[in-house]
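In what follows, chain A forms one complex with chain B and a second complex with chain C.
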Partner chain A sequence: MIYYARIFILSAKVQMLEVTASIFMLFIALLQPFFIAILAIYMLRDQAGFEPVYVIVGAGLSGLFSTILFTGSNSVTRERAQGNLELLEASPAPLMVIMGGKMVANLALALTSMVVTYVVGAGMFQYPVAVEQPAFFAVSMILALFSLWTMGMLFAPLSILWQPVEQVLGGLEYPVFIFCGFLFPIALLPGWFLPISYALPPYWAARSLQGSSLGTLESDEIVLTWLILLATSGVSLVAAGMLFRIFLRLGRRKGTLGFI
Partner chain B sequence: MNAIELENIRHVFRVTTGTIRRRSKEIVAVDGVSLQIEEGELFGLLGPNGAGKTTIVKILTTLLIPTAGRVTVLGFDAVKDAAALRFQVGFVLGGDRGLYYRLSGRDNLRYFAELYGIDTKKVRSRIEEMLELVGLRDRADERVAGYSRGMKQRLHIARTLLHDPKVLFLDEPTMGLDPVGARDLREIIKRLQSEQKTILLTTHYMFEADALCQRIAILNEGRIVAQGTPEELKELVSDQSVVELEVFGAETEHLDRLRGLDYVDSVSIESHDLRQVLRVQTKLGERAVPGLLASLENLDVGKVSVREATLEDAYVHLVGESE
Partner chain C sequence: MRVFFASAYYGYRGLFFWETPTVYLTQRLLLPLSGLAFFSLIGKFGGSQPLEFYLIGNAMVIASLSGFTIGTAIGVERNIGTLIYLIGSPANRVALFFGRAAVHVAESAIFVVAGFGWAILVFGLDLPLSTWPGILLTIIVGTLAVSGLGLLLGAVAYVMLDAGVLGNIVIFMILLVSGANVPLSELPTALSVFGEALPLTRSIEAAREVAAGGGIAASLPLLLKDLGVGLAYASVGFILFSWIEVIARRRGTLENM
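Let's look at the complex of A and B:
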């Protein structure tokens, strides 16, 4: 257990060092949410019922999600391209624990995008970004990060198992922004979209973060949202575990752990 | 006791090509290999590119599940007991890949020490010890990206020795190194062998296997074609001599004509700019020369020399006649 915790933490540190040395990653984490935030504010601010804090939280989440989507889906692929995947897998440490740690570092990077959008909203546009229910917001934030972490863990084996997935995932950015109600409420979407939204952990993350920012959710409502978030995230994590196992099994049969 | 046992190992890769009309092709990388390597032995697996050396190393390090056959290392089944086995073995795959280039050499070692669960209190001194062993102490805090190929290879050795594995797999560790780098690495390998580690070394250089290994198996197209001590392998060609003929403009038909002679065992050709060197293995020695010259009648022949066959010639003889 302690061994796993140490692997987890050091994997996060190693990834942090790797990521901060990569200009491209920093671009994804810092510049992209900056533009998303500005774009979203310009697009939506003349709409009736425009809530700056809703859009800013949503833009922040979009940035978070983009970063996790990108770093998550290329995390295993990158290790393989560097020739490290075989070294990691042949070590006694479980690959999923290693990747879990690395995903935390990706998340920390992604979190800066949340900060960027707040700075854009509060600084550039002078919007009030105060949060109505700070305690709920804080818990929601932690759970939101957890849900995004599980998404990253799901993308990692998925995109290395099926090469096309990595490209498809790249194109998933905007659909997810829409389905998860990051920028406008999903009530505006056709009814058949709803089940898709409900199945996605980030939807519940967005709902609880935006709700607690605006102060529109009752406490039992927000707790229910948290529970559903945890359940959907749990399902993602279990699926991720299964995919990791399948990937390693196939990789050891076909010789695809090394670079091909 | 045997540290490594391979029993009838076979590995088939299935590769698919084309996206629309998918064709699948089978590549038999290892075709029924059996081997026993004793504890403390430095064993050489020698073979040309594509012979199946890396595939065997990956099977032994649990990175590949063989299509058929049984593998045990230190009594652990490499498929069923992979998890337990991983603590016991170390490996270096050739080439300059692997490692985190953006981290320093020392940070790389720290990370891998952690993955192998090395006692926190001992990590620091163990890393120093390994850096000392491979001679990277002065450069340990620089990023790996700036390391030469030889330094990366030595860092790989340090990485894989951290957890003090009893069995080591070194897959073409000197590949791509300059002569000095390769010699330094061979010195390190000798030192490891003196520490009673069991080492499987793969290489495609005969002289390297000869200089380092106690026993050698020669692998060709996934099969072991000869096995023994360097002396025993030399025996295989003890009655052979090699006639070297310098020629100009030799064609395949000339080679075929030589190969057709009943006293010729094998012919290989090495091309330089304008001239070529034909190496003919024969039991006749000098007495073969007139006949050889006669069958090369219309060809310009330069220097001709006769010498005893070496281990290198035995290798060429066993793995085929291409250069």
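Let's look at the complex of A and C:
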């Protein structure tokens, strides 16, 4: 266990150095949510009952998710491009533990999105930004980060067999923003889209974070949202474990782990 | 002319033709169409304008893809190691430079048409048949204009190593200040002035006028201005292209990855 923890921490440290040196990742984590927050505030500020905290949380979540989407799908691809994937797979450390550490570093970078959108709302636009239920918000944030970590773990193994996955998943950025209702309620979508939203952990993360920041959810509603968030995240993690096992076995059998 | 067409054809085929259909459709179609839906739905949720305003604005913003791909093409050439051969060739620079943009312009115009189709089919945008020629003209002009900015980005990409990020910043600036999502009159003065200086701003306005039944003739002054702005960017881009080429040779950044 200590051995795994050491690998997990080392992997996180190395990944932190890598992602913070990537201009593209810094754009995704800092600039994109910055622009989305400003744009959404300008678009929504004349709305009756406009809630700046709704936009701040929603735009922050968009940055969190985008960072995890790109870093998650890029984690294996990058190791492959550097010629490390075969070595990592051959080492006694499970690849899933190594990727788990990387994903924690990715989350740390992603968290800056929330800071950026807070600065936009409270600093640039001088809105009074207050969270109605701070304790619920804190728990929601921890669970949201866990759910995004599991999403990153789900994206990571896909590129073991399918190299262009990063570009393909990149195209899913806006659809996920839409289905998860980051900046508008999913009630605006046709009814048959709703099951897709309900199956996505970030939807429940957005619901609990926005609900607790606005104080629109009763305590039993928010607890139910957390439970569903945990359940959908658990499914993601189990699926990630299965994908790592199956794809690595197939990759070894086909001899494609070193393909660039 | 031969260099122009060769640059247009091989520049596109060599850099983008290898993409699998899934990657191509995801990046070139799903991403812009879902972007259109996302920003239009924000507008529908609480924007100050009717839904048509956001649908037309964001459909036109798809034209900025041409600027992005033209701008990043130089970066891709550098990554795959072909930039030094391009620079080392005796080909005419004007033909080479403008040829690079040709296919991207045509491709992006088609995607903008797809954007309008998406807005009509999914969101019920009402565009009478009589407005289609005018809309098509605004699409062509808007795409050409934003391609001029792409050529400028392409020139900057000679020395700036991550042109993709620069291209993304420009796309978000266009989303913010071109009037696609927020009327220029609702922006602070500095931002609205910046919006006026960007290509596409007037084409978006013209598209809205045409869609409202204003006719092509009424929107021609706007379109001519946008074309002029695009041409100005392309000219500055070409001058920079020639100048930066010398600097990049001197600094040795042509091959950096």
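Definition applied: the second predicted complex is superposed on the first by the 251 of 260 C-alpha atoms of A that agree within 3 Å, B and C clash if a C-alpha of one lies under 4 Å from a C-alpha of the other, contacts with A are read in each partner's own complex, and residues count from 1 in each chain.
We take it that a residue touches a chain if its C-beta (ideal position, glycine included) is under 8 Å from a C-beta of that chain, and two chains touch if they have at least 3 such contacts.
As the structure is a prediction and not an experimental result, all values here were calculated from the model.
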Combined model on chain A: chain C and chain B, fit or clash: fit
Chain B versus chain C as contact partner of A:88, first or second or both or neither: first
Touching partner for A:17 - first (chain B), second (chain C), both, neither: first
Chain B versus chain C as contact partner of A:27, first or second or both or neither: second
Which superposed partner A:175 touches (first chain B, second chain C, both, neither): second
Partner chain(s) touched by A:183 [first = chain B, second = chain C, both, neither]: second
First (chain B), second (chain C), both or neither touched by A:1: neither
First (chain B), second (chain C), both or neither touched by A:130: neither
Superposition-derived minimum Cα distance between chain C and chain B (Å): 7
Touching residues on chain A, where the partner in the complex is chain B: 3, 6-7, 10-11, 14, 17-18, 21-22, 82-84, 86-93, 98, 252-255, 257-259
Chain A residues within the chain C interface of the complex: 23-24, 27, 31-32, 35-36, 38-40, 42-44, 46-47, 50, 164, 167-168, 170-175, 177-178, 183-185, 188-189
Residue ranges of chain B touching chain A (in the complex, touch as defined): 13-14, 55, 58, 61-65, 83, 86-87, 91, 93, 95, 97-103, 107, 110-112, 114-117, 120, 159
Touch list for chain C against partner chain A, complex: 19-20, 22-23, 26-27, 30-31, 34-35, 37-39, 41-48, 161-162, 164-165, 168-169, 172-173, 175-176, 181-182, 186-187
